[in-house]
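Here come two complexes built around chain A, the first alongside chain B, the second alongside chain C.
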Partner chain A sequence: MPARNAQQWSRPPSGLKPGEYVDSRIYSDNDIFEEELQKIWKKTWIPVCHESELAKPYDFRTMTIAREPIIVVRGSDNRVRAFLNVCPHRGNMIERRPSGSFAEGTPSGNPKRMTCMFHAWQFDMKGNCVFISRQEEGYQDRLCPKDVGLRRLRCEVYFGGFVWVCLDDKVDKTVAEWAAGCLDCLQPSLDAEPLEVFHYHKAIIPCNYKLWHDTNCEFYHDYLHYHNRITGFNDAYFARKNSGFDNGHINVGSFEVQYDKYEGFESRANVSFPSLPPNHWYMIDMFPGANFNLRGSALRCDLMTPLAPDKVLIEFRGLGLKSDSPETRRARVEHHNTIWGPFGRNLHEDLLAVSGQGAAMDSRAEHRHILHGRHENETIHDENGMRHFYDEWGRWMDRSPGNPDQRYREGHNQPGVSA
Partner chain B sequence: MSSNGADIATAVRDTIYLASLLQDDEKWAEWLDLCDEDFAYAIKAYSPEIQYDMTYLSGNRKELQSITEMLPKHNTDHSPLTRHTVVYTVDVDEGAGRASAVSSVAVHQTMLDGINSHVDAGESRLFLIGKYYDKFKIADGNVKFAERVVKLNTRRLDKGSHWPI
Partner chain C sequence: MAWKKACSVNDVAVDTLRKFDVGGVGVLVANLGDEFKAYPPACPHMEEPLEQSGVCSGGLLTCTKHLWQWDMRTGEQRAPAEKPLLMYDVRLDGDDVMVNVEHELEYEYEEEDDDDFEW
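== the complex of A and B ==
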């Protein structure tokens, strides 16, 4: 078959059915992106940080979900709570630092208070307004602190100490219910004892957030990675299962990685996480854009913040056990960084690949079909993980991923559409 | 400082600048020839996000040799990195045969194949900033790197790099 002309190129390959490809507009169209923020990112549980990042009472972390500034604080009761990081007075962002402690006072406010520096309104760790400067002079009896508390958000600490936030007050599931069993494979390893974040860096990549999630969901791209080919490609690797769970989540089953086959690398068997067989490797991808990746000795977590159709902030974390000795921690950090650090072997390659996808999917370029049609008995190079994700995406968006001009049900009723 | 000490300080500066040139030219073996057999290398940064002193990459001379020799097997961004290095301080302990130096470094990336070469190639961007904290062994008038810690200010590293800084 020769290269295709424009008409042939605009059609999906004849052997593939709807559901086995998506339209590139879902990665580039601004209206679809804005709709995703409203319909998905503001409605689902999003992991935002790890509790070790706010270890002591009055510690805090700030972040953003769907353009809404968020603050997560640990109260004097040790409970972690989340609020919009917005002052109810004139809408200023209350806390500007990425992390810190409210135990000390600030130039505008008292210790143990969240203080908006603009007009010195102060809030306690439960989000109650506790001080309005010159309240009686300005508001007389028309407004009092109880009327102007912060906007509280649904918040849970779950799965090895990750902090989850949902912007929708009416979310009808707990995080455990939302996970629908996808976390079970790693729960014994992550919940055995407290974890601690030892690595953080971030990347702003010129591509749609789903392209990064897709890359985390499919392992066919291991052809990109010399390291993974040399340490992985064997019968056990090709037998790894891709499993779908309710709500669009997937996980990838484990096998024993032969780390010592890569020159200069060593086995990770002596610093495995609890309950994890030596050198094993599990991966969990949660809808709409979180990834938990445990390679024997180090846990990686990718959290995404979509910024634009063609721009995503990815925060990369590495975690070990809080009880690590200095020597064990050093080993975990090295194992993490040699593959996943900003100067590691694999992460750079993955980010190059999705940058190339982003460059080829400019919103003003012609749209095309992106193929998710590999079937290999739901094993490692099957693309069922991406198909499972996009089936869920279609439901939340009420759009067909293969033709976003169609409603989900119209596309869904076509033959061959299934996860 | 004795005239000999001044000579050693000059040799330390020259070695740091030569290392930058060799790294810019991706002459990794020649760069490692400037390093002692017990050389230790690390890229570090403090994260105000997690309030933790992080190590982004570490290795001894043998590990760095392995990393750099494996580069052709890896897909990579070939956009060259160029180091602008300024040596701020040099301290020589002649009796102990040691010296240390602190340098400022700004690394620029001249785009080649990182994203869309038609649009981006030829454009130079700031890749990262930081400092080199170097330690040297001095023997028979020769200066060899004993340790280099690259302490980064930059923590938003986007695609990152396969190359030592």
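== the complex of A and C ==
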């Protein structure tokens, strides 16, 4: 078949059905992106950090979800709570540091309180307003601290100590219900004993957040990974299942990795996580953009914060057990870095691919179809994971991923020819 | 009685405050010129460390964060302060400033409960 002209290019391959491709505008269109923030990111449970990153009372971390500034704090009662990081007085961002502790005072504040530097209003770790400067002089009896508490956010610590936040007060599911079983494969390993973050880096990648999620949802891009090609493949590798769960989540089934057959690698059997068969590897991709990846001895977690259609902030964490001896921890860090570090096997290559997709998806570029049509018995080179994700995406957005001008149901019932 | 040495009379200049560890208890010692006084180290308002935020002048202690004031000799509050200063008994033993720290004195800082938070 020769190359195609513009009209031919604008149609998906005739053998593929709706659901087996998406329109590139879902990755590049600014209006669609803004709609995703409102309809998906402000409505679903988002993991934002790990509780070991706020280990002591009065420790905090700040982040954003759908551009809303968030602060997560640990109270004197050890409970982790989340609030909008916004002062109820004049709307100033209360805390600007990425992380720290309120145990010591700040120049305009006091120990154990959050202080807005603008007019010195203060809040405790439960979000109560506890001080309004010159309150009676200015407000007489018209306004008092109980009228101006912080906006509290739904927050749960769940699945090995990850901190989850939902901006929707009326969210009708717990995190466990939202996960719908997709975390079950790793829950015994992660909940056996407290975990600790030993690696953190973040990067802003020039691509749509869903492109990063896509690479985590299929292994067909083994062809991208040089080391996977030359050492990783065997029948068990290909036989792994990619299973879908409600709410758009997927699992990549486990198998035993022969790490000792990799050049320069060692078996991870004696430092594998609790309850995990030695050297086994599980990966979970959660809608709309979180990834948990346990390779025997080291857990990696990617949390995404979409910033623009073509920009995503990804926070990469590596975790081990809090009880690790120094030797065990060193082994976990090395195992983490040999896969996901700057000179590791995989991560840099994934970044090359998604930034290449991002470079070809300017918001004004001619749109095209991105194909998710591989069927390989729902194993890892199948693209059922992405189809499952985009079906969920379509429901939340009420848009057809294959033609976002159509409503979700219409796209389901009509042959997918987009204009 | 649990009298313990907090410091020597020369350790605290007139009209200043210094915090000392007295057998594991933090104690703030003030020198009023003709008298030494001892208080818990935190401001009764918002737990500010008074060693840093407190200013002593004319027998008055002012916390510079929200301008609460006290009579340093009696601990009595002056507006806008809403709580008095707690005080430890002090006596001089030669050059030693002795403080009676039988029990650590602490202020109660209220934190409202949020168990019944409504979404």
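The rule is short, and it goes like this: the second predicted complex is superposed on the first by the 409 of 419 C-alpha atoms of A that agree within 3 Å, B and C clash if a C-alpha of one lies under 4 Å from a C-alpha of the other, contacts with A are read in each partner's own complex, and residues count from 1 in each chain.
Following the convention adopted for this analysis, contacts are C-beta pairs under 8 Å (C-beta built on N, C-alpha and C of every residue); 3 or more make two chains touch, one makes a residue touch a chain.
Keep in mind the model is a prediction, meaning the values are calculated, not measured.
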Touching A:69, do we find chain B (first), chain C (second), both, or neither? neither
First, second, both or neither for A:99, with chain B first and chain C second: first
Does chain C touch more residues of chain A than chain B does, or is it the other way round? B
Of the partners chain B and chain C, which touch A:253 in the superposed model: first, second, both, neither? neither
Identify the partner contact of A:224: answer first if only chain B is touched, second if only chain C is, both if each is, neither if none is. first
On the A-aligned overlay, A:345 touches which partner chain: chain B = first, chain C = second, or both, or neither? first
Does the superposition put A:111 against chain B (first), chain C (second), both, or neither? second
Is A:127 contacted by the first partner chain B, the second partner chain C, both or neither? second
On chain A, positions contacted by chain B and by chain C: none
Spell out the residues on chain C that touch chain A in their complex, using ranges where they run on. 42-43, 45-49, 65-66, 109, 111-114, 117, 119
Taking the touch rule as given, give the residues of chain B at its contact with chain A in the complex, in rising order. 43, 45, 47-52, 54-58, 62-63, 66-67, 69-70, 73-77, 114-116, 119, 155-165
Spell out the residues on chain A that touch chain B in their complex, using ranges where they run on. 52-53, 61, 97-99, 197-206, 224, 226-227, 262-264, 317, 333-334, 337-338, 341-345, 347-349, 351-353, 355-356, 358-359
Within their complex, state which residues of chain A touch chain C. 76, 105, 110-113, 120, 122, 124-128, 130-131, 133, 152, 154, 169-170
